[in-house]
Amino acid sequence: MTNTDKTIKDPVHDHIHVDGFALDLLDTPEMQRLRHVRQLGTAYLVYPSANHTRFEHSLGVYHLAVRALDNLGVTGVERDEVRAAALLHDVGHTPFSHNIEDIVEEHVGKRHDEVDDLLDGEVARVLEERGVSPDRVASLVRGEGRYGQLVSGALDVDRMDYLVRDAHHTGVPYGTIDSGRLVLELGYVDGELVLGEGNVQTAEALLLARSLMHPTVYSHHVARISTAMLERATQRLIEADNGVDASEVRRMDDHELTVALRENDVTRETAERLAERRLYKRAVWKPRDELRDSTLDADPRELEAEIAERAGDSVEPHEVIVDVSKPPVMAETEARVVVDGEKRMLEDVSSLVRTLRRVHEEQWRFGVYTPEESVEEVVDSAEGVV
Amino acid sequence: MTNTDKTIKDPVHDHIHVDGFALDLLDTPEMQRLRHVRQLGTAYLVYPSANHTRFEHSLGVYHLAVRALDNLGVTGVERDEVRAAALLHDVGHTPFSHNIEDIVEEHVGKRHDEVDDLLDGEVARVLEERGVSPDRVASLVRGEGRYGQLVSGALDVDRMDYLVRDAHHTGVPYGTIDSGRLVLELGYVDGELVLGEGNVQTAEALLLARSLMHPTVYSHHVARISTAMLERATQRLIEADNGVDASEVRRMDDHELTVALRENDVTRETAERLAERRLYKRAVWKPRDELRDSTLDADPRELEAEIAERAGDSVEPHEVIVDVSKPPVMAETEARVVVDGEKRMLEDVSSLVRTLRRVHEEQWRFGVYTPEESVEEVVDSAEGVV
Amino acid sequence: MTNTDKTIKDPVHDHIHVDGFALDLLDTPEMQRLRHVRQLGTAYLVYPSANHTRFEHSLGVYHLAVRALDNLGVTGVERDEVRAAALLHDVGHTPFSHNIEDIVEEHVGKRHDEVDDLLDGEVARVLEERGVSPDRVASLVRGEGRYGQLVSGALDVDRMDYLVRDAHHTGVPYGTIDSGRLVLELGYVDGELVLGEGNVQTAEALLLARSLMHPTVYSHHVARISTAMLERATQRLIEADNGVDASEVRRMDDHELTVALRENDVTRETAERLAERRLYKRAVWKPRDELRDSTLDADPRELEAEIAERAGDSVEPHEVIVDVSKPPVMAETEARVVVDGEKRMLEDVSSLVRTLRRVHEEQWRFGVYTPEESVEEVVDSAEGVV
Amino acid sequence: MTNTDKTIKDPVHDHIHVDGFALDLLDTPEMQRLRHVRQLGTAYLVYPSANHTRFEHSLGVYHLAVRALDNLGVTGVERDEVRAAALLHDVGHTPFSHNIEDIVEEHVGKRHDEVDDLLDGEVARVLEERGVSPDRVASLVRGEGRYGQLVSGALDVDRMDYLVRDAHHTGVPYGTIDSGRLVLELGYVDGELVLGEGNVQTAEALLLARSLMHPTVYSHHVARISTAMLERATQRLIEADNGVDASEVRRMDDHELTVALRENDVTRETAERLAERRLYKRAVWKPRDELRDSTLDADPRELEAEIAERAGDSVEPHEVIVDVSKPPVMAETEARVVVDGEKRMLEDVSSLVRTLRRVHEEQWRFGVYTPEESVEEVVDSAEGVV
């Protein structure tokens, strides 16, 4: 170990104590890179202060994990494994966080929680020096096993940090869950992570916070449009003749991808639009039941091509973006809570939680975006397609 | 005018109302660029959450200016000029804010508040459409005239925003001044901006907040070291054979300068050190009275060369950085406050304020930085030089 | 008018500006009394910091009303009437706010929003000097007419203040609604107060905040037990031979009722229990569907008598309290929101809101409380009764 | 032990964990009484939300003490003694906290930190059951010995709680010290409590916070006037024929003293003035150097009598109050801080701290208060006296 203990100031958790082992992990290039990956991708185009990064979020997740481990009385190598997994859980993120992960994963064949190939080099050296297996850490990051649930699962400390942190930096008041209480109420029943007796309400509040943050922040239409533009540009960068390999994109930070998009002829225009916030506008914004039956089964690229063709010569094919949003995964509905001494699934004991599934379906929208000057043509041409 | 009114969410001021004119200014490339210029430069290497930008700060300054204008009853074109100046006051900032402004100014011959050459193109179009003179706005940004004091002066709304905002994003509690009250207490006496009767305490608190934030955040030694490394690398980038022109650097954002430094052979190593937080260490850290008489008059570059030479072959000349920090300008000491019906200078009515000058001198340090492995040699060789 | 403008510091809204008219109202004995009426009654026995009063809440409601009036462009005498009603809306509250209002209303025949008899004396003098009719103000407090909806209704500024204020003082994070936005989005359609387009989410958040605060704070079982004890003691004080008249109780503040209960022989024991937090415990705590059919129709006093009698000599009749909680009135479900240009009722456009009715029914509990030493007997004897 | 562990929600420290021993202490009548003693006395007449009590403050002090003890590694009976002392340190406070303590102490002969006679009955039983000596606890409350410094001294956890708590409840932003950091930096050198290396700045900030809170909150002229009125009325209550014994007043809570003052003929008028905020006004408000030499040596009561007599028949003797404020004790100036490995006194290493003494002297004011209608007469008559 080369570092000694340190206390890091954090606006969400006040002081985060990190010991030498955690500091050594923090000092690896893989972790330092996260200082340059915005937590919420392009959401800063809606909430100007949303510039926080995966780095401080990772520190926050580490802090909550340590408090949970203290409370659960976990010691020894298992404790070190969980601490490492909490700190490292986001090293697999692409630049701009979730914004471009689909397109990169498609080309690279790795999800952002498949980090086994990233826990090498300096990270592996630090882990092994401490007697911690990189493979075990990678499996915890994927949410496997007893303690994997703490890192990635229905009651993981990841969401307990990001909801509060995103609220702090956007100024939106809906994410203010009681993370202090949640972490103290965690326990295990039959190997499963549960919230102890008397916490149905606490768990509902967690889910509600996320339900409120979703339309307001995470799925705000301007965030979705800018994400779609960034994703499409990144795809074109990867597929261009003088492009950039997907596995290289995966390891870039926000600076590098931003500049790469600005410098390539194919993507320059979109990059400038993002830089100057001249975003595409919505030509279509429909709930599920207003779509044709065939739309959701179709290949979005083919829909784009067809809409662009019908729109005539003034609209270039790449200027039509079809955005089929994935429904939010509501992992919390399956959180386990102890009720009258028995372990129950949250959605079985809370009608509020069952409703939230329906609410999310009602809020879901299918979008087609295009430059402002082409909106009218695309509205008309999309009419016959989606 | 192309935009209609809008309310922007801000974690510091809650909701910021911007009308069409302000929105049109916000939508210019000059303002959008500030989304990618960190407010505190490299301070995020000390405070991980300090990733806020000049963009949201500019919005906050605008918001406070509008509240002050409301309270002062300023209307018509003067009001529009001040609003524009408040919003645009930072368009002249280099990437990483203050970090590299000296070196750029030296080459370009413009200070960051000399923005007349920047208020052209799209910005000029928007201003003139509104009947606002870009020259008048530029003069307000320089702090000239009756209302220029609101934008840049001892009681400007700039500092009322940044102290609170920096506190919010770093988590350091010292900057929490009562900006709401300050703005309501502003008035004019004989053309000078003053705080009304009963506000000596309020003004002292403003100055104290800055005095506490200085050593804790703005002049933290890690912030100074990383700034010095960034500044030196930028200088070498500008002066390199295949370098980048200073006037081009001036208009870059953080992404572009970061990548430019990483891609140039001369600066790559420093850029990687900054990316991975492998920072230089202090070899010398001295108060003024422990320095030789000649040190402060000497050219820092010559001191560096001499120290490096004495240190022997293992230390390359560019690996020694001499950092002569400028003392903080304590503009607030000259703030005007009404006491018993008379306009007084703050430092004349407050012994606390007079003391702060001395405090700042005591806190001042002269630094010499070098890579960790060279610290011992440089400690020795500097002994005979500074 | 005898007062001049003033700014009052408030931890929720920062600075509250009050002009001479509002200050004159504030200075009446009726308003000053509210400084000694706790906003949340006995909830401080659960949340030790919940000692805020109806006074600062009234100021907060006034502040939000003024912002709404500014935004709606209401001027002249109507504006003054609404301002007065916002400030005075709680002068009819009994000591300990809602805790004992039922028992007092039963005897006095006035609800806490029937304030016409209270707007006399000093208050009437101030209102009339300003040309404001006390009767008009009383009718606004009852929620009547176009602007009465602002003061008391589904979207009133009352709830926008108390949710945030109760969250601030208890430390419970669930009440943090975006009151700043709500107030800016209010408008009128066909004489009805509505939230403008795009605010279904905002309205849902308001209702959710209240739904979360209810079980956590307002209906916490310790708050319910202490309220029931206080209410029963007050009833016995009113009905005692050497008791206190209900109309006198109505105008007491918390100090006076507390001491009156401590000094009367009939109520001394309960008063001491409340002072030392030796509270009754739950003997019965049942959802609706576990009760006998007859229970909810029965007179609670007769149930108490029967349970006490069956419990035998060790339990005195007044030591059994049956607590039939009223379901929370969910006024917000009927809030009007503009959706696609049409005025709609919130519960018609939000399945989330419809669910909350069911949630509240599930959370509802019927309670029987008794001193700790009698719990076992009362559990048994209540078995055959409720 | 009769209680089991519990977590109490607190708006300042979030969750406060209290174990069975601490809960048993909390449940004593002596501690529960503090729920009805306002922390800041009559300051709620200036800051309407300043209704927090000694009870939640005591919990906060307990919380910080436990964190300090954890960090210092103190265990066993010494730990229990300090925990008890932290929780119980304020049981000796009179109603309205500091407001009337002088007058009560004068009659009772006990200071508010002489609590040995209060640690009897239920408190003694709980302490002794745990093997903790009430005498030892009383000595820690007086600040004696190694660990007494934690409870009462230049770096005690008392001030670390109240500054933050008073800021939270008043809304005044100046008290936001970094209590989390302070508590982590405490240590012992030669038996003396010190702040570790690198904390001069932290200690300065603590002192500055108090220096800013003083004129703004604690010594605000309205707080001083209402305190003086309350104190004088309490004195008259104690000295009246049908009065209340001082030792009885000492154990009252705010409710009881308030009602006692309202019910006694001698004090009723002042009590009503306080209830309706019809406060005396300043007739004299002078810095030290504008006073006659003899004034500060004179008996305030004699000054009052003389001023009243000169003012003529319209001014009753008890309507003139002379208020000789004690200078604030600036204990923090003597705080020990480690600088370059050596233990130093804060004022020896900080010129800022030395200045604050002078600042406090400049801010000091001598006051004479009287009803509004007598101000003119008293201004004139005081002219020749003080």
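Chains: A, B, C and D, in written order; residue numbering restarts at 1 for each.
Just so we're on the same page, a contact is a pair of C-beta atoms (placed from the backbone, for glycine too) under 8 Å apart; a residue touches a chain by one contact, two chains touch by 3 or more.
What you are looking at is a predicted structure, and each value in this text was computed from that prediction instead of being measured.
Between chain B and chain C, two chains of identical sequence, the interface residue sets overlap for the most part, with shared numbers making up over half of the total.
Taking each chain's centre as the mean of its C-alpha atoms, the one that lies farthest from the centre of chain D is A. Distance between chain centres (mean CA atoms), chain A to chain C: 41 Å. Each chain gets a centre from the mean of its Cα atoms; for chain B and chain C, those two points are 49 Å apart.
For this pair, chain C with chain D, the centres built from the Cα atoms lie 33 Å apart. Each of the following residues of chain A touches two or more other chains: 14, 172. Interface of chain C with chain D (complex): residues 8-12, 14, 27-29, 32-33, 35-36, 38, 44-45, 47-49, 51-53, 55-56, 59, 168-172, 253-256, 258-259, 262, 275-278. Residues 7, 14-15, 180-181, 184 of chain B are the ones touching chain C in the complex.
Those residues of chain A lying in contact with chain C across their complex are 172-174, 176-178, 201, 204-205, 208, 211-212, 215-216, 350-352, 354-356, 358-359, 362.
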